[in-house]
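A short worksheet on the structure shown next.
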């Protein structure tokens, strides 16, 4: 690991330099023009943290509890596909790192290692991210396998009924290398979808897309907590709670599915206000600093998930890189708490925020 | 066609690389400093699309109807001059591509092929764009020729009574090459306009400019629907309806005539509010993505027109390029509808929009 | 003159390439960091022009009258020093060009040619810009000479009681070349100002600075109209009218004196509202396009003055360059009037404006 | 000293060119991404100064009084560590320069020369900046030494209970060179802090951090005026006054401790409004121009402190450089007063300000 790797931006920089162009386009690319991806970061530039000084910090801690699991700090590994693209051991390496850093890894449906092998290697809790499969039985099989392997929660991703328009990947001509594939899924049927000339998207392609009833059915089919990932609107959060979900992840899929949707930070306070504490609200998208996490918590998040930086660190530093990257974030978070005079996560509320444009100090936008 | 041509921006990039400098200045240039041209694009950056998830998309479609014509999707080819500048077959190639992509081409008064030859080659509906000629009889001749050749609608362009101050073209020293000219018009009289030293513009040059009475006369002279192209103000939309027009195209002529006028997107909601559904409102200017089209529809547009990208694609890929470019846009539009949970164009209303500056979420500016 | 010189920006570009570094720093430089100079331009980017179409333009004209002088168009030459820096004949060449372009030149107190020689060469009206001299008699001598030479108005510059902090000039080590000096002024006394160590500015340096009484005395001492140049605040406009001035020039001296003051466009509507037509309000600062002039008039200006572009054009094209540059501006102004549907200057009012930020359409900021 | 050194930006530029990379990272670097550091500068770009003209400037002066000390101008030297990094004589050279420029130097606890040696060399008033030490007795020893050496005031820094996340320094691998250290402090104990794996920050590291009671105790232990440095919130200003402080320094430590906190200028008016004249409010952070100082005073500051530019000037020009840099600032301040028509500091109030965004002219944000 280069000695100047001291922040998440450094991992990204080193990854950009060393990665294969196609892999880089896949990992760092986004939908269309990358507008939402850039805004995920830029959203944090609209806010200032307001520090209190000379506060008593005795017994300060960033610890929290999620679905009965004690966490030293509220930072989880987001689900991302195909870790073997950047490390020969793939998700197994990531899971080992998660345990070293004492946090939760969320394993993707599109993992490049079997979910059972990942669970066997891990010595810390895992969650499982689920894409609803065209056939309910296939979905249920994945659920039962995750339960059997000891996964502690399920995340149903709802914002990607079809793939994003990933121009960066397309321009780079990215294809999955030989030997890397979504091993937890049955082989995809040969692409013989007959497309009606009148529509490239709407003829058949979406007939099997999941609906609210899919979520309801899933919640009824498992005793694991089911989180819904990919909610941006308060109305959808309401529907998700009504369908029985145990938590919500405000997310735009890292800007990888539909470009021009808002950054998670812009809608998080609206969703959190609607949820009003009935279930935990998590968030991902552009979080790269401890101060970002303080802002997310102030806007209503119970915890955050980290996506691309995990792949950057896995590529640059392997197991050690991922564990170090997580510890950097934890350190930054705790330093930000100390320097703003907040001894506990619950002390982080909207009074810590000031809008940079002067519009509405002390309040979420 | 280069294999990395996967979006309209790619066509533009390849065109910029391969085109003759003068032709590029003509096609991609704009009036004065290009401020309005840039804002045509930038206007979209002020908006976010708000997606709904897990929606039922059964029977989803982007189809619509305009003046009795059924369209698979609401994207038309805008009128642009001299297609022979970028392709040896000129407008004939474009018309063939429009038919392949199952949409309408609008043929310019300044086409480099006779309007009859274009109509003969086309196997899909055509519209005809009209510049009012100094003499009414010349205007009427064009109308009668378009009617006879089977054109289905007329667009009267009203925002260019004089040419724009096209500094980019002037700096590049652009002149029409030998053999390319506005073949549908009589030869321009030799430029012997005696300019009074007191005014370079106002002495005689505008005496024959069209007025509201010209529009009224035109509407009375044909049974084709007459659209007025180049309206930016609600008051002018009202006057145009009063004069009998069948539709309005909100447009600043791609920023090519008067720099510093607002982008079409900024005034579209004001015009649409005033028109209030009495006639369809179309729009052009800077539309390069399916998400742009969703935004335009949310702000009141019934359909959009595409200008420069048609020339880019015609130069880069010929007939196939134009058809592919249109299909890319259609695909992006349909994907955006699916990913925002809108099964039909009529489901796209202002609640899909959020102002990026946080000013007025859920409402047009 | 290079053939691609088709706008004021082209003159600036060619001047930047050909000018001596010191002369360029003097002409194009500004106070401190050039913040105000940049904002003079940027202020125009906050506004859009709203065009009306199909308007009757019969008899359209940009002509106006100022202090009894008929002008074909409302664009004057602003006072700038030392034209010999860029042309061997200095202000004489500029005056000839002004007459060719049928407009008024304002001659600076710091002209590098005697005011009588300029007047002798000119065959069009001249105005004289005045700096109040430490001794009233010296000021009066200048006034009498201007009157005798046939100047038609006086501009008293009030925003420069001391020189600006012109870091760009200082870094370039600019000094007036041998043979170029302010020939209309007596030789400056040797710089033996004893500076008190406690203050580099306030000890003596400002004891002779002009006050409101200076203006009153000047207005009483001449029958020529006296304009006050360098007003940015409505309160000062009121005082200037009270002191007897015949007109006001809203100006920040091209950003050359105090950096961080607002652009003229930002305060023009406030000043114009206070003046309320009692005297004409002129404006300079960053005007480079005909559309800028339309905006200035919409915000309350009766006419505009052009500074640096005159020196650019004089350097690049001599007499012909200055005349061409002025005609370019006039052409752009008239084209903008035609394309916004305004047949006369008086038709240009705030309804032609839209704030780009959406804040307050149809009204000055 | 290079002859083009005519502003603080020039000193910064020359320093950047000549300094060792590590020293540059230490001096010019900031916490994390440097967001707050950049905003310290950018905050000034939100404001314009509104000049009044033809004002009577007889007897004008920038002089003021602080804690009974007469100052020719309200610009002090902020505390910064380790001046020997940029000059062999370290803080002694700076103190000599301060006296030449007739202003106050604030000596850092982390000075690289003993506070007694600095005092012996200085022939002008000194203030002493204090970090509360883990043991009160060590703090008290520093206070008594400063009193004995004749320091006139104490600044307790409260915004840095732990070091900032200084990534720029870390990437550059900066270490204090042999022979440069905080000589006024006892040797730091060997770093044997046992870190609990559950938290990199919160285990023990903050147990000795100062609290409000520390400030109260300090105020009671000395007859020198105690200023509190590092306040950004009005509530903390209130608490500081309650604890007995004699003055407040609004500061974010030059952006070196916690990134994303607001620029001092953004919160200064809020703090000043709360303090309401009970004690003087000083400010530092990004001040590089005389016009910045006018703005700070208009927003409620009694005086300003200058940090990094002192090190730039000390490196580039030694004693003479620092004295010149201070005189440049004084000259710019006085010129700004003269050109805005303010004869005394007390004439600088919020009516001199205009918000650049047009939001609230004539009032602090």
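Letters are used for the chains, namely A, B, C and D, taken in the order the chains are written, and counting of residues starts over at 1 for each.
Here is the rule we go by: contacts are C-beta pairs under 8 Å (C-beta built on N, C-alpha and C of every residue); 3 or more make two chains touch, one makes a residue touch a chain.
Computed from a predicted model, the values in this text were never measured in an experiment.
Asker: From chain B, count the fewest steps through touching chains until chain D is reached.
Answerer: Between chain B and chain D, the shortest chain-hopping route counts 2.
Asker: Can you report the angle of the rotation that maps chain A onto chain B, using C-alpha atoms only, to the nearest 5 degrees?
Answerer: Best-fit rotation on C-alpha atoms: 90 degrees.
Asker: Find the chain most remote from chain C, comparing centres computed as mean CA coordinates.
Answerer: The chain farthest from chain C, judged by C-alpha centres, is A.
Asker: Interface check for copies chain B and chain C. Shared numbers divided by all numbers used: above half gives same, below half gives different; which is it?
Answerer: Interface between chain B and chain C is built from largely different residues.
Asker: Taking the mean of the CA coordinates per chain, how far is chain C from chain D in Å?
Answerer: Roughly 41 Å, centre to centre.
Asker: What is the distance in Å between the mean C-alpha positions of chain A and chain C?
Answerer: The computed centroid separation for chain A versus chain C comes out at 58 Å.
Asker: At least two partner chains per residue is the criterion; list those residues in chain A.
Answerer: Nothing qualifies.
Asker: How do the chains pair up in terms of touching? List each pair.
Answerer: Result of the pairwise touch check is A-B, A-D, B-C, C-D.
Asker: Using the touch rule from the top, collect the residues of chain A that touch chain D in their complex.
Answerer: 3-4, 6-7, 9-10, 44-45, 47-58, 60-63, 72-73, 102, 289-291, 295, 327, 330-332, 334-340, 354, 356, 358
Asker: Residue numbers of chain C touching chain D in their complex, please.
Answerer: Those in contact with chain D are residues 32-33, 35, 39, 158-159, 161-162, 164-165, 167, 170-171, 173, 197-202, 206-207, 209-212, 214-215, 230-233, 235-236, 239, 257-262, 266-267, 359, 365.
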